[in-house]
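Next up: the structures, one after another.
Note that chain A is present in both complexes that follow, paired respectively with chain B and with chain C.
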Partner chain A sequence: MTSVASRAWSSLFVIGAAVVYVFLYAPLVVTAVFSFNNSDIQTLPFSGFTTVWYEDLANDVQMREALLYSFKVAALSVALAATLGTVLALILDRVAIRGKGVLSAAVVVPAVLPGMVLALSLLMMFRYIGVSPGFTTIVVGHMSFIAPIVMFLILSRLRQLDPSLEQASMDCGAGRLRTFWHVTLPSIRVTVIAACLLGFTLSFDEITVTFFLSGVQPTLPVHVWTLLRFGFTPEVNAVFTLIAAVSLVLIVLAAVLLSGWRPHRRNAPTSAPPIEQPAQTNVLALTYERTP
Partner chain B sequence: MSAASEWSGGAIEEPLGERAKAAGIRVGLASPALLWVLLIVLIPNAIMLLYSFWTNGLGTIIQEFTTKNYSQALQSNVVRALLQRTFLIAVAASLIATAIAYPLAYLIVRRAGRYKLPLALLVVVPLWVSYLMRVFAWKIILGEKGVLNGLLQQAGVIDHPIKALLYSKVTVILTLTYVAVPYVFLSIFTALERLPTALYDAAGDCGASEWSTFRDIIWPLSRPAAVIGFAIAFVITFGDYVTPALVGGLQGTMLGSIILQEFGTANNWPLGAAIAMVILVVSFVFLGAVSLLARTEAVID
Partner chain C sequence: MSPDVGSPVGDLVPPDRVSRSGRSVVELVGVSKVYPNTRDAAVADVTLTVEEGEFFALLGPSGSGKTTTLRMIAGFERPTVGCVRLAGRDVTKLPPYKRDVNTVFQNYALFPHMRVADNVAYPLKFRSVGKAETASRVSEALDRVGMTGFERRLPHQLSGGQRQRVALARALISRPALVLLDEPLGALDLKLRQSMQLMLKRLQREVGITFVYVTHDQGEALAMSDRLAVMHDGRIHQTGAPDEVYFRPKTTFVASFIGKTNLVDAERDATGAVRAGGLALRLATTPAAEQFKVSIRPESILLAEAAEGAANTFDGIVRETIFLGSERELIVEVSGQTLLAKAASNVVLEAGTPIRVGWPAEACVVVVDPAEQAP
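The block that comes next holds the complex of A and B.
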């Protein structure tokens, strides 16, 4: 290939990449921009700057109730998912039982099933045992897909830990529980916090599972979804923009926490991967969120 | 039992009873995981399967085994047409997303230098923005009075707004592609990133052009990741009901919309469960077929 031709190819590729970034960000920018547009109709040209949609939002009682409800759901389901996820990770990392390959695949099923299938299977189980849709069902639904994600993050952290630390602790006479409390837990603490932040944004934004499992009181996304199906006010753009801003802050925080840790030194093996490697993988691992 | 698995129990000389006790303790320790699988995975799905074999009778569920729902669903022209359309839409969106994500990931890994990680993160950031917002934004962009029509009118390209932009099969494919790109990118990027740069250098030193290096070395090594990315995109798009409901209109209705109906206004849970099982089986069969393709031609490590 001549250099002229290859340079032409290169610039074509770069232009293509730029187009992809525009494609990825145009919808987000459009929503944010229109949340400040002084008109009921979402069209160009802009009619001027306003914060009236945000004021509407602040005065909207239903929206406030939905927001509060979403917070409660997210807080409880993340707390449960973090506990369960940690326990599951410890089991998969430490306990030697037969059929562990099958077990570790089965454990993550709720996070990889199509959201609708997870929701319907839970919904039918709850109906079968006589639990009507509401707070409990939503929390269980959210917990089901967040716990495997927490587990995934903690498991990859546990595998980086130096086992001799725990052995040393037990050699010094600490029992399993004390060792866990004083040695293992502190070394996975940051990961647990980061996983909680991630789980919170996932729960807060979830619609596919929540829609089927919610009762009379909707969560924020379900409330917005109902608004969108039966008409539309630019207030929705404002709430989207706010949620996006908060999620991004939480995610950046989680990413910083995850990449900030130093991998423990393991007798410096000669073929050690570059130091940045685990951190990088984990920042990207954050995005293994459940499928919608 | 092999010697290796005996070691994991730490008991070579122990009598059989002791060994069984140790195994019992290990199962006890693992019980939260077993309970989790039982309560969240096995039982709900078993109950869904049961429901799909029951029938709906005037507001109550008749708990008698029948395959009526399946024959009704599979013989219904509506369901068959929707199944076909949903499949085509999901395959199209996943293929386009892969076709966009692969070259982008390759370009970023090869050319972005120290901006590699920031540029890669920029591709996945949209995943963290509300799913509803990402879908709804396309309605603002493509609507009859939307941003695109406004831009085109202002530029003098068109006199009257184009109505056909929104509420069609193409709109659904476009939106689902948009949703899928970051997932596919993530899968391909992490794979390409792991390939040692020495591979490219060695091929270059041997006189291979960038294209033949790609075709003979990089593609065979990264193809499984591309297939996995495609498969993730397929699972996401195949079962979606939010996107068709917002931007699909009548033309873009998908199977998920029907299920929504059966669990909502139509209130026929057993039929809805049967259609959900069809979705589950079709995705598994399709993914199984695809994973045969994913078998790697070459491995690194």
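The block that comes next holds the complex of A and C.
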């Protein structure tokens, strides 16, 4: 009886989970499938496999320019956000200052603010100080919501670090900057890379802030959005599929890095070493005999 | 809020004995450390001098302030009050990287992303040392600690004892005036600990560098150090050579923390006679205090015929015997006092056997409890 009931429950659970996943991934799959469909209109049945939409994409000058522009925006805003985020994280973790809570809250605001509010306030600020919309404004806009994310990721990593490592470095004669360069930075390097990957996808996919702050040249998502207004071409399916694929790869990579995977087993326990093998003491005995 | 720096022990502990080499490597003068938001000082009015070439141990239970003291010498903590001098120079306000001191950390603190050779060479990076000399000094340092052949390993590929030795090589490579060791053997198992003790002692003799060694293990401190300071509740209770601290403890804490001892409450009357409960004690000197404790080490209590003729002889009854292998512990009752004594392991005494016990006048060491004397 119970086994039947529990089997019914577990199959219900499986079905429920499946429905959720279908909802989440069906649009992605549909888009990807239709990007290879040999037809101008998006209807079933599938009328044949083609890569013509991808070829169109490759030959579309506007699309290529938008893509390049998006890359430039993402690269610069991530580089700036990573620097700013790391510096802020170090300040919050290391420097004894009053009002740390206020400071960290103030940094988070741009990341949690609705995109439109952030975009409008930035736009107004730029107009006030006389910066016309364009590359600079988009980069600043993106940086303002990527930097807090980088900061929190690095801050949580810094808090895991063994403080005795930095002390050991200073003990060995390295000043604060050298200690940061030789010891702290290598210890947080993986987190910084992961945060940059995450920031890159965030910048690359962003529409709201970008839309308000862009000048003549649109980024890729904004350009695609403009295309949509004039009708749906399968070329859009192709570009969405590409964006989705690249984003997924970057996000998975970032997740793997952040989940604690390290090139070397960085968190190997140092405080509870394994019991020594007898061979170990022999090494010692040998050196003992060697020295007079 | 000013820290509590008045030292009841300070009056008891004479200034350090005249130096042996004449050159002090470390001097702490009236050093106290009060952490923010704490009431009691972690370190209270510590004054000590470590001579050149000495193996000096800071001994105390956890929370006694010995590690904080070490960290103030290294420069990781700044004293709230007092002055730290290295080789006669005031370094109280200098950061760690401007002090000619290297530390072996309790968890070794090897840089996980650097190979053994790079870890050991790290201190030379910041002292203009050429490539060739760095290489030869790294191999010399690794040879000294028996780690030749491990140059290319990463720290996580080493066992605890091996990491310990790499940390030691890193601390010695820049030939500092002083090496600080913070419970370096704490994480190792007993067998390895003992061989590492020998290695450390030999190494220190060979390189002639002053070692300041923090430990909570009294056996380790007695076995390894030339001199030691016993700390408790942030204060130094006694500083001296191991035998001096063992045989002539100054406070009840020192007497009971180092080895086993019998502590009996005693009082002196106007005539100078000392009584401990029902026992009339004969001491080598007349104590100044009226109320105090007397420490009598179990091994200085003589039994049966050997007890005859000692300055203090009493009749007692064996209450219990404990077989320890190499010796036997006896619990003897002497007119209401319970005393711990030691006998050879082949001596068989039944509980209830009457026995003569005695000890020389010098075996009675007057100790005081500084906490009770504090205002």
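For this structure, a couple of remarks:
Assume the second predicted complex is superposed on the first by the 249 of 292 C-alpha atoms of A that agree within 3 Å, B and C clash if a C-alpha of one lies under 4 Å from a C-alpha of the other, contacts with A are read in each partner's own complex, and residues count from 1 in each chain.
Criterion: a residue touches a chain if its C-beta (ideal position, glycine included) is under 8 Å from a C-beta of that chain, and two chains touch if they have at least 3 such contacts.
Since we're looking at a predicted model, the values are computed, not measured.
Legend: residue contacts after superposition of the two complexes on their common chain; A:Cys172 is shown touching chain C, with no touch to chain B.
When the two complexes are overlaid on their common chain A, residue A:Val183 makes contact with chain C while staying clear of chain B.
Once chain A of one complex is fitted onto chain A of the other, the partner contacts of A:Tyr21 are limited to chain B, with no touch recorded for chain C. With both structures placed on the common chain, the touch criterion links A:Asp93 to neither chain B nor chain C.
Annotation for chain A, partner touching more residues between chain B and chain C: B.
Judged by the touch definition given at the top, the superposed model places A:Asp56 against neither chain B nor chain C.
When the two complexes are overlaid on their common chain A, residue A:Thr31 makes contact with chain B while staying clear of chain C.
Once the two complexes are overlaid on the shared chain, A:Glu65 sits clear of chain B and of chain C alike. According to the touch criterion, the shared surface of chain A, contacted by chain B in one complex and chain C in the other, consists of residues 280-281, 283-284, 287-288, 291. Touching chain C in their complex are the following residues of chain A: 162, 164-165, 167-175, 178, 182-183, 186-187, 264-266, 268, 270-277, 280-281, 283-288, 291. Of all the residues in chain B, the ones that touch chain A in their complex are 8-9, 23, 26-27, 29-30, 32-34, 36-37, 40-41, 43-45, 47-48, 51, 100, 103-104, 107-108, 111, 117, 120-134, 136-138, 140-141, 143, 145-147, 149-151, 154, 178-179, 181-183, 186, 189-190, 209-211, 232, 235-236, 238-242, 245-246, 256, 259, 263, 269, 272-273, 276, 279-280, 283. Partner chain B is touched in their complex by these residues of chain A: 1, 6, 10, 13-14, 16-17, 20-21, 23-28, 30-31, 34, 41-45, 84, 87-88, 91-92, 94-97, 103, 106-107, 109-110, 112-117, 120-125, 127-128, 140, 144, 147, 201, 205, 207-208, 212, 221, 224-225, 228-229, 236-237, 240, 243-244, 247-248, 251, 280-281, 283-284, 287-289, 291-292.
Residue ranges of chain C in contact with chain A, taken from their complex: 74-76, 95-97, 101-103, 105-113, 122-123, 125-127, 143, 145-146, 154-156, 159-163, 170, 174, 187-189, 191-192, 195-196, 198-199, 202, 206.
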